[in-house]
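To start, I am sharing the structure in question, which I have written as structure tokens.
Chain IDs A, B, C, D and E follow the sequence of writing; residue 1 opens each chain.
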């Protein structure tokens, strides 16, 4: 199974993730797309480690998953705080950063 | 031969579900699509021989993180209509096209620069033991830092989500 | 023979069984929908898509679940290589666990887990 | 999930696997009806009343055993009322999510070491997963989805609340479950269930003696994971009507019912494997058994019988506890899970590691 | 040891007066007089020790001032015959003027500040005179300039005085600039600034290499520019007439006797340089002659008494510079000595006239003061006779010596002599005019002043008498040799200085004519001619102005109106300078300020600022605040980068 397949699969996933981040209005979807992107990265790590026959890739996946978990936890905490504050989590409403 | 079959099946479903995650209206559907996507991804890992990683993927990712997403969706109890996102404007399509084209090009250039041979579907023997050994020797410091990271996440999320008294 | 066959088969059968069971009534059972039946089995005001928000406690539990789940996973890894790592492993994991216990104590102190 | 490709030739392997799968599903499908009967019969006996004994044809009543069949038929043909506002897709998907994880866990249980058929050694486990524990934890995770989705799909406030509570409970007890398994892994130095059972050949090597504390935690978590008795607050009739599957009619309810009992059976199997020496008889080691019974197959059969016996005991324990122990209030339940079992689990690991470290 | 006292006394006087500002006028006056007097008394034995035949100068080192690399300058003082003479002039005439100043400044409330400046001036002048290297001299040079500025603008409340002070200081600075360049050049060429070392180096030169001569010429010219600034020679003399704004003792001390002679003293001190730079000396001679003639003509028509004296000083200084120019340094110094006496006398006399007339200086309002101020008139008469060169008095001997030495200069000598002669005639004319307009004829001042007219106090006329005595007898020190035989005396002055002023061997060939013997007849005839002409013009002036401004004079004035006006307006030199230098400078700075500064620099910055604002405006339209817009931009940017890197 040539490695390009795995990488292209990861690319597709990553692409979906990016599009999700860019075009979804709802913050929750953005977070989910980010998870998707992280998984694409994981896939690359694992297939890389299998191909190079060294296990560092897999260990990196652990760390990536941990980081993803922490990120999701804090992200969703913020979503809740935002929701409580604004009553909605549609991104149009967060205009504070206006230039 | 069966390898090809399995891989292509998994790959197909994964692409399908990841597209679903992005396009679907209802957040719960998106969450379920994500679950399926991750589950199948765990399948791919197992297929490649990274058993422990697959297990972790399912336990932590599917079993915990997406559950959290589900919880948040349920807690926020968003009314579906509220989530109807407005008709995407033209420039969004344009940008979408550009982004896809860009990534495709980058991917293509990267892939064809890879001069790797065929990856033998060499399922590694049960490597959990080796993974553990490496983790606890070479990657000692990241391991400790991970614990600190988790501590930070705990304190952070609790502080943010707690109802202000 | 590919070692994955049993898992896929069982998964497929399990899902099939579930679908059959859940779809069964649709075909076999009689269908006389009446407004009463349509309603949700509930007393009091029909709160279909009630906007009332659930308490955040569930969310906090889920977050802590994730973070301690990761701890469990890493402990599993350590269990795997316990004997060969010997004392060094123990000290290492002890530090790891202690830090997380600190987080746990913080959670206890702030009363995040007190169920009202 | 680590599958060691067995050395058997393809055909033999295929047949063996298929036959194992069939066995697993047979068990899976038979346990709930039996339990239905047990669920009614045992409490009746406890309360000095006779359980179901009317159903029967001709004159074989068999102490009401056919009641199970009657219930099954009833459930199948009942009308299914789907709430109007319900989210169709997830309403149907809910039960599926609670069924297939149970079966997967069941298939991962080793019933015996191996049997020799036509000269080939066929391992008696449907899915040879070398990271057994993690597989179980994973499937426990999937069960949560069943509960959460079905609760959310039937859009009523109470079901939502019931679903949240049930899944929060399952989450809170999954961690102690995981932590309790770790000492076992430390003691028997492996995560693979077959290895663990091999390690318990003599009864003093059984899990319960080597790490009693983890047995207690495991037992509590068993009840909590399947929302049984002391922890069945989610479906508590008195409070939330039936909890997350209030709106489910006939066969969907049957599916939940099936899922619940199969996972109960799987967990009892797991408990007996980890803590009660699996297919080992208390006093009779495996070699003597083989010599006694003459052939490996026969010994394996006896082993399976012993294992099922132990599992039956635990199933009985479920029912027994259901009718004796009062239900927890939700905050007590959570407090127990987070504030008691979790620290206890960590302490247990520390103690076990300490003891084992002494003789490095 | 004495030299330290000479220096110390004026300094102590200045500090005491300056810092403590004693209230009492008499106290401050006595401190000042003591300061200068004691210094004079200390200087006398020094001078006597120099009179002896072989007495060479002595160098005293106070402390080593600068030691940087090979530059080693010490605060050295030299006391030889030349500086001895100057010492006597400065302290002697200085103390007389100090005594006089007490009386003059009587109306002032406090005179402490004035006297501290005067003492400070004396100290600085001593530094200049006694300094053994150029830097010490330069300190004195600047110090003197400073004190002149302070003293000219003493009544600074009156704006013109302040402006005059500034003008003096600025013009002096211009001269000092040349002086500084000269110092740098000497250091560059000879590596040392001390006079004794320079003298040895140049004396040791056998032949003059062209590089050396051109170097010396350059140094000579630069130093001469400094001298012009300080001694008010032609281009830079404009400050002296305006310096009359200061009190009269100041004008007497600084602008007649001491400071203005600094230039001549400096050239004499560096005679060995000038002897080896004949072209530089030629320039000096001609500038001297021109200034003498030029200033004398202006003085003819001035009405302000002090202005006339100022121009006469400029013209007399022209004579001294002329003397130096023709190589007659000793004659220059001798004229300096005599001029110091009678010019100080003239100024002080004018001072007492002004005091008597309550600070009115216009001659048209004077006249007939002979009977009111008898002593002043007598003394003034002596001074006038001395300055016009009346035979027997000091002016006659010194001026005649210069004219003779100018004539005997080979080649262009006679031109210089003619210039000198005409200047002498003019001097005689305007001095007698001055005398008649102030002292003879009817008294033209108004009733009130005439009523108060009375002779000044003894404090003021006593020094006048002494000065008059000096200006009569000092002449006999330098009787020209041919006259000496007639009176079997001998010329004392030039041999006295000859030990100091010698032509270095390298220049021997060029300056050989100095020692040739001239026929006495020629000398006699020249002296006779010049004296006759001077006396003629004096009597002519006497006849014209005997009884004040007569109608006849008025017609003569209209007849030569244009000539009169040009002379009266000082050839419009000030206006000329203003037009050539000051106005263009002002316009230039105006231009620079408006165009360059405002236009380019500020303009440039403003443009920069505006462009930045514009740019930020352009880029900010994207800052709509929506997260997604940021994310899109971020991703696009990232992709662009990666594509860029890859392609």
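As a working rule, a residue touches a chain if its C-beta (ideal position, glycine included) is under 8 Å from a C-beta of that chain, and two chains touch if they have at least 3 such contacts.
The model shown is predicted, which means the values in this text are computed figures rather than measured ones.
**Student:** Going chain by chain, each one touching the next, work out the least steps from chain C to chain D.
**Tutor:** Shortest path length, in steps: 1.
**Student:** Farthest from chain B in C-alpha centre terms, which chain would that be?
**Tutor:** E
**Student:** Find the chain most remote from chain A, comparing centres computed as mean CA coordinates.
**Tutor:** E
**Student:** Considering A-E alongside B-C, which chain pair is linked by more C-beta pairs in contact?
**Tutor:** Answer by contact count: B-C.
**Student:** Name the chain with the Cα centroid closest to the overall protein Cα centroid.
**Tutor:** A
**Student:** Hey, how far is the Cα centre of chain A from the one of chain B, in Å?
**Tutor:** 7
**Student:** Roughly how many whole angstrom separate the Cα centroids of chain C and chain E?
**Tutor:** 109
**Student:** Compute the distance, rounded to whole Å, between the mean C-alpha positions of chain A and chain C.
**Tutor:** Chain centres of chain A and chain C, defined by C-alpha means, are spaced 20 Å apart.
**Student:** With centres defined as the mean C-alpha position, give me the chain D-chain E separation in Å.
**Tutor:** From the centre of chain D to the centre of chain E is 123 Å.
**Student:** Listing for chain C: what residues touch at least two other chains?
**Tutor:** 2, 4, 49-50, 52, 54, 56, 58-59, 62-67, 69-70, 73-74, 77, 80, 104
**Student:** Spell out, as numbers or ranges, the residues of chain A touching 2 or more other chains.
**Tutor:** Answer for chain A, listing residues that touch two or more other chains: 18, 22-23, 25, 62, 65-66, 69-70, 72-73, 76-77, 80.
**Student:** Provide the list of chain B residues touching at least two other chains, using ranges where the numbers run on.
**Tutor:** Residue numbers touching two or more other chains: 3, 46, 52, 56, 59-60, 63-65, 67-68, 71-77, 95, 99, 103, 128, 131, 135, 146, 150, 153-154, 157-158, 161, 163.
**Student:** Return all touching chain pairs.
**Tutor:** A-B, A-C, A-E, B-C, B-D, B-E, C-D
**Student:** Inside the complex, what are the residues of chain A that reach chain E?
**Tutor:** For chain A paired with chain E, touching residues are 18, 21-23, 25, 91-92, 94-99.
**Student:** Quick check: in the complex, which residue numbers of chain B touch chain D?
**Tutor:** 26, 28-29, 32, 35, 42, 46, 51-52, 54-56, 58-59, 62-64, 67, 70-71, 73-75, 77, 123, 125-126, 128
**Student:** Going by the contact rule set out above, which residues of chain E touch chain A in the complex?
**Tutor:** My answer: residues 620, 622-628, 630-632, 635.
**Student:** Any idea which chain E residues touch chain B in the complex?
**Tutor:** Per the stated touch rule, the residues are 632, 635-636, 639-640, 642-643, 646.
**Student:** For chain D, which residues are in contact with chain C within the complex?
**Tutor:** Result: residues 1, 3-6, 8, 10, 13-14, 17-18, 20-21, 24-25, 76-81, 83-85, 92-104, 107, 126-128, 133-134, 137, 154-161, 164-165, 168, 171-172, 174-175, 178-179, 181-182, 185-186, 189, 191, 241, 246-247, 249-252, 254-255, 258-259, 330-331, 334-335, 338-339, 342-343, 346, 349-350, 353, 356-357, 360 of chain D touch chain C.
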